[in-house]
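Listed below are the structures to be examined.
Two complexes come next, and they have one chain in common, chain A, joined by chain B in the first and chain C in the second.
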Partner chain A sequence: MLTVLRRYGTLIGFAAILIFFWISLPDTFMTARNWLNISQQMSMLIVAAAGMTIVMVMGDFDLSIGSMASLAGIVAAILFSFDYPIWAAVSIALIVGLAGGAVNGLLISFVGILPFVATLATLTMLSGAAFVVSGGKTISGRVIPEAFGNFAREGISLGNWGGVAVSLPNLTIVALIVAVLVWVLLEQTTFGRRLYAIGGNSEAAHLSGVAVRKLKLIAFALTGGSAALAGVMYASRVASANPTQGSGLMLNAIAAVFLGSTLSEHGEPRLLYSIVGVLVLGVLDNGLTQMSVDSNVRQILVGGIIILAVSTSSYTRRLR
Partner chain B sequence: MTLLSLKDVTKAYGGVPALKGVDLSVAPGEIHALMGENGAGKSTLIKILAGVVAPDHADIQLDGQPVEIGSPRQAHSLGFRFIHQEFNVVPALSVAENIFMGRQYPKRGGLFVDWRKLNQAARDTLQKLGISHIDPARPLGSLSLGDQMLVRISSAFIGDDGAPARLYVLDEPTAALSRGESERLFTVLRELRAIGASVLYVSHRLDEVMAICDMATVVRDGRSIDTGKIADITHDDLVTLMIGRRVEEAYPPAIAAPRGETVLAAQELGIRGGRNVSFQVRAGEVLGIAGIANAGQRNLLRTLFGDLAATGGSMVLAGQAYRPRSPADAWRAGIGYIPRERRSEGLVLSRPIFENTTLPHLAAQSRWRIWLTPRREKRVTSQQGELVRLKASGPGQRVRELSGGNQQKVVFAKALLGKPRLLLLDEPTRGVDVGAKFDIYSIIRDMAAGGMGVVLVSSDLPELIGMADRIAVMRDGAITDIVAAAGLNEERLLNLCYGR
Partner chain C sequence: MTLHNRAIRALLAGTTLAALALTASSAMAASKIAVITPYLAQPGTQFYVEAFQAAAKGKDWDVNVIDTAGDVAAVISRIEDMVNQNVDAIVINVDPTQVTAGLQAAKDAGIPVIGMDAGADPLLVTNVTSNGYAMAAETATYVADRIHGAGNVVMFVFEAFPPVQVRGVVADAVFGNFPDIKILDHVTPDVSDGGIADSRAKMEAILAANPEPGSIKAVWAAWDQPALGALQAIEAAGRQNEGIVITGIDANPQAREAIATGGNFEATVAQDFKGIGTTTADVVTRVLAAEDIKQGSIYVPTQLITASNAAE
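Presenting the complex of A and B:
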C-alpha cells in the first residue's frame, strides 16, 4: 500500500484532478480542442523543464532560465528590428542561450561556485541585460515579422472533429521534438548515462573516468539553449518581447521536475516524469482558469500541491 | 550476573526477515564480541539497542528488569553509548566543538562560550585515551581519518551527569585506525572494563577480537549460533561458526606463474606531499605497499591513476611513456583501480550493477561511443559477475541493495572489465566479511596468474604477507625498502614500517 502510494501517489493525484475538472467542466474540459489548447499553453514549459531535467539529473539546477528566456526573446526581437531574417535572428538567440548556459557551467564546474549562487548571479545579470538591450520596453508591432507571430498561431490540421476544425499547434510540435531529443539524450546515450552517474556520486564517476567538469559545462549549455528556445517560442506566441516575460518559467520548470521525480523509484529526475510534472501544472492552470479561480489563489493551490506530492513521496520513502 | 539480556529478538523489513531469533547476554565488566558476516543481522541488532529500529519481538532486560528501548534518547538514559563508523560530525567545527556537540558548553557570564575551558575539557577527554597530539582547537576535517575516528570515540567516553554509561557499543571502530591508534583504543576499553562498564564490540578483525574480548556471540542468517568464552575458542572455530563452513586457508595458494615483462616502471616519480619513488611491477606479480597510516600510499596510487599530477619523474607502462592527466587516461591505458572508500569513491549506489560495471568502459561498450547497448552491457556484466563470484538477483539490481562484500565485488567487476594490464588496489578487503575476503583474494591470485600486474596497498600486514610477492615499504612519503614477502613475518614488516 505504502509502496503504491510512493510510486504512484502523484499519478493518483493527477487522475483525481482530471476527474474533478471533468465533472466540474463537463462541456469544455475533456475535449480535443481544450487538450490541444493545453498542449500549446504548456509547450514553453515542456521545453524549459526538459532542459532543466538535464542539469537536475546531475543533482544541480539552473535558476537563470527564466531571465535567459526573456533575454532570448528580446535578442530575437531586436534583430528583427535590424531586418535580420527570421532564421538568423532565432539562431543567434539560441546561440546566446547556449553561451549563457556555458558560462553557468564554467562558473560551476571550473571555477567551483555552487549552482545556487552561480545561477542566481547570472539570473540577475541576464535579466539586467534584457532590460538594457530592450531599453526596458516591450518590443512589438511592425518590427516583429508577421510570419514569426503566425508560426505560433498555426499548426498541422487534424481535420474536422464534430464540425470543429482542429489542428496540432506548431509550438506543441516543437515541444514534442525537444522532449524526444532530450529523452534520447538522457536515456539512450553514453552522455546521459554519465550524467546520471555524476548525479549519483560525482567522485565515483570522476574516478571511473567520467570527465565530470566537461560534461557539466555541456549540460548547462544545453539547459541555457533550451531556455532560449522557450523564450523565442513565447515571443512568437505573443508576437512581442518584453524583458520579464520568461520570469515565471524557472520556478514552474523546477517544480515540474520535482513533481515528476516523485514518480521514479529512486527519486531521480527522468524526462518522461518531468513531462508528467508539466502536465499536472498545465492541467491545473487550464482547469482553474476555466473555473474562473483568481490567478493568485491558483498560485497558492499549485504551491500546496507541489508540497503535498513531494512530502508524501519523501515521507513514505522514509517509512521503509 | 547479567547486565543486559536480549531473548528471541526478531525483526523483518517489509516481510524480509533480518533477525529470526537472536539471544545475547552481556555481563558487567565484560568485553563481548558480536560477530558475523555482513548481512548476518549485527547492524539490525545494534539499531534495536540504540532505539533506532523497533523489533517485531524482543525480551530485553537490564539488571534483570524488563525494559523497552523506544528511542535513542531512551537508550541513552539506560546508559548505552554508541560509536559507529558513520557517526555524525561537522568537519568545519573544531575538535572540541565536535566532542561536546549536543552537550552544555562551559559559559562565561552565562552567555558567552568559554573557549579556553571548552578546549581544556576536550584536551582532558582526549588525554584519557592517551592522545596528546591532537589540538582541540583545530577543525576536525583537517585531521587524518584515523585521528578523526579517535575524536569520535573519545566523545562517547565523556562522563554524563545523570545517566552513567553502562554499555559501550562499538561498530568496527578500528576500520580507519592505524595499529598504534587501535592499541590506544584497546587500552581505554580495558580501563572501562576495570571500572565495571561493559563493551559490545563488533569487528571483522578476528585478531583484534581474540586479543581484547572476553566473550563472543556469533550470529549467522539472523540467528545467534553460539556464545562462548574467547579463551575456549580458536581463530579457525570462530571463522567456521561465522560462515558455516570450514575455510582451510586464509589465503589461496600462490600460483607459480612465470614472471613476465615489466608492466609498469616508475622512475623518480614525484608524489605530491611525498618524495620521489622508483619501482617496477612485472606481469603476474603482486607488489604490496606497506606503511603506517598516511605514509604516502594513497597519494602514490592516485598518482599512478592520474588523479594527482606527478610532480616529476616518469612512468613507462607496457613499454610506452605513460603520463596520465585524469583517471580517464588511466582507464584508457589499461589500468583498473579499486579505491579505498567503496561507497563514496567506488560506486554509484543509486544505479544498477551493470551501469556501475561499464561506467569506465562506456566508449567500448556502446555503439559508436554514443548509443547505449544495455542488453550487451547486462550480458557482459553477468559474465563479470561470475568472474568475481557476485551474488545478486541480476545485473539490473541496484548496488545499494547489496551487502558490503558484494558491493566490493561490483567494484572489482568494474575494474576487471576489459582485462587491464595493471590493477591498483587500495585496501580492497576493508569492511568485507570473511567469505567475501577469500573470494577477493582468489580473484587477485587468478588475475596475477593471468599475467596482470597488481599493486596492493593494505594496512593489514598478514594480508600483505599472504598475498604479495614483494612488498615496498613507505615511510614519510618515500619508499624505504622493497623486500620479498616470502619468509617475512609480521613483526619484521612492522619494524620496517616504523623504520626500526
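Presenting the complex of A and C:
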C-alpha cells in the first residue's frame, strides 16, 4: 500500500486535480470535446517533451529546443515564401532540427562541453539565427499556404457525440505517432536501453562497451529533430512564424519530464510519465482558465505544483 | 511518513484550487466576457485592458482577463477553452490572422469575438482601433497650414507595414491638394535599428543636397522615429533656426519630450488607448444586446499633440 502510494503519488495528485475540475466544471470539463481540445493544445509540448525525454534519460538537458522550434517554424515559412511545396519546406525545417541537435551532440560528447553550457550557447545562436532569417518579423498572411494552416485546424471526424461534431485533431495524431516512436525507441530497443545505461553510470556504460559518444550524438540529434517538428506544428497552428514563438516550449518540456519522472521507480524519465507530466500542465491550464482564475495566479500555481511533486518525491526517496 | 507527505501534497493542491474556485464562482449569473491577449505586459495593452475593466465595473459582467505571456498559440488554446465554457463574448488583442483556428471555433459555437486594436478580420464582429487615415490627415494638414500651403516637404514613409503605409497615402493626398507644395523625396528608412539612426543619416544627405535656407520647409514622418532622426540631423547641421516644421505620429515619450521643448519637432498624434478600451466595452454591450454591428472597424478619435499639450 505504501509502495503504491510512493510510486503513484503524482498520479493520485493528478487524479485529485481531475476530480476537482470535474466537480467544479460539471458541464464542460470531462467532455470528449474538451479532452480533444486539451490533446490538441498539448500536442506541441508532447512532441517537445518526448524529445527532451531522450536526452534526459542520459541525465542531460537540451536548453536549445525552444529556439530550435522557433527557427524551424521560420525556416518553413521562409521556404513557403519561395514557393517551396509544403512537404519540402517541412522536411528541410526538420533536417535543420536534426542538424542543430547533432551540433549540440558534437559539442557535448566530442568536444566535452557540459550540456547546460553547450545548449545555452546554441540556444542563443539559434535564436539569433531565427531573427536573422526572418528579419525579426512575423511571417504570416498569404505567404503561408492555406493547406499548411488548415492542417492544424482539421482532423479525423469521430462523428456526432450528443449533437456535437467531434474530430480527432491532426496535431494530436502527430503527437501520438511521435509518442509511440519515442516509446518504442526508449523502451523496446537496445539503443534505448543503452541510453538508460549511460544515464545510470556513464563511465560504467563506456567500460562495458557502450559507444557513449556516438549514442549521445544521435540522442541530441533526435531531440533537435523533435523540437523542429514541434516548431513546425506551432507554425501550422498559428498559420504564421515568429522568431520567438517556440521559446515557451523549453521550460515546459523540462517541467513535464521532471514532473513525470516522479512517477518512476528510481526517478528516471520515462516517455509515458513525461506525457502524464504534459497532461498535468495542460489540464491545469485548461481547467483554471475555464474557472476564470487569473492567468498570473495560474502560473504561480503551476510552478508550485511542480515544486511540490518533485520535492515530495525526492524527499520520500531519501527516507527510503 | 511517505503516505503522510503524499496526502498533504494532494490535500494542499486540492484546497488551493477549491479556494480559487470559490472566489471565481462568487460572480455567477453575470455575462461572462473573456479578454485574451499575449501582450498584457505592454503599456498600450495595459491601458486599454484597464479601461475595459473599469467600464465593465458598472455592468453585470464577469470579466476574465487572460494573458498568455507572448504565446500566440496559447491564445488559440484559451479561446477554445472559453468557447468550451460557453462565454457570452470574447475580446482579443492579437493579430486575428494568427488565431484563425480559435476564431473559427468561436464562430462555430456562435460566440461573438470583438477585436480590441487587433486588426480587421471577417471572423471578428468588429475591431475597435484608431483611424490611421485620420491620424495622417491630422499631421499632414498641420504641416500644410504651418507652411501656408507652399514649399518643399520631405516625407518619411514605410510601405512594407500596412498600418504605416496608409498614413503615407493620406499625406500624399493632402499635400497633392496644395499646388505650391512640392514633395522633395519619399524616404523609406532602414528600421532594423529602430529607425532613428538611419532616418538621421538620410536626412543629413537631403540637407546637404539642399543647402539654401528655406529650401526645405517641412518634414512629414509617418511615425515618430524618423521625425526624431530628422530633428537630430537638422540640429547637427545647425539649421534649427530655418523654421523647418517636423511632425510624427504615435506620440511616443521621446517625441512628446522633443515637442515640449519647443524645437522644430512641432506635432504628433496620440492614440486614445483608454478610449479604445472603453469603446470596446460599449461594443460588447451592443453585441450582448443582439445589435447587428455593420462596420468591420470602429474608430476611436485620436488627439493632435503640440507644445501646448505634450507634457500631459
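As a working rule, the second predicted complex is superposed on the first by the 315 of 320 C-alpha atoms of A that agree within 3 Å, B and C clash if a C-alpha of one lies under 4 Å from a C-alpha of the other, contacts with A are read in each partner's own complex, and residues count from 1 in each chain.
Everything that follows uses one rule, which is that a residue touches a chain if its C-beta (ideal position, glycine included) is under 8 Å from a C-beta of that chain, and two chains touch if they have at least 3 such contacts.
Because the structure is a prediction, the values reported are computed rather than measured.
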item: Superposition on chain A - do chain B and chain C clash or fit; value: fit
item: Following superposition on chain A: angle at chain A, chain B versus chain C, Cα, nearest 10°; value: 140
item: Chain B versus chain C as contact partner of A:297, first or second or both or neither; value: second
item: Which partner, chain B or chain C, touches more chain A residues; value: C
item: Touched partner set for A:157, first chain B, second chain C, both or neither; value: neither
item: Touched partner set for A:124, first chain B, second chain C, both or neither; value: neither
item: First (chain B), second (chain C), both or neither touched by A:20; value: second
item: First, second, both or neither for A:81, with chain B first and chain C second; value: neither
item: Least C-alpha distance (whole Å) that remains between chain C and chain B when both complexes are overlaid; value: 12
item: Contacts on chain A seen with chain B and repeated with chain C across the two complexes; value: none
item: Contact footprint of chain B on chain A as seen in their complex; value: 188-194, 196-197, 200-201, 203-211, 266, 268, 320
item: Interfacial residue positions of chain A with respect to chain C in the complex; value: 1-2, 5-6, 9, 12-13, 16-17, 20, 24-25, 28, 31, 33-34, 37, 40-41, 44, 135-136, 138, 140-141, 149, 152-153, 234, 237-240, 242, 244-245, 247-248, 285-286, 288-297, 299, 301, 304-305, 308-309, 312, 315-316, 319
item: Parts of chain C lying in touch with chain A, wherever the complex brings them together; value: 1-3, 5-6, 9-10, 12-14, 16-18, 20-21, 24-25, 32, 62, 64-74, 76-78, 80-82, 84-86, 95, 97-101, 104, 192
item: In the complex with chain A, residue positions of chain B that touch it; value: 13-14, 305, 307, 326-328, 330-332, 337, 339, 344-351, 355, 359-360, 362-363, 366, 369-372, 398, 414
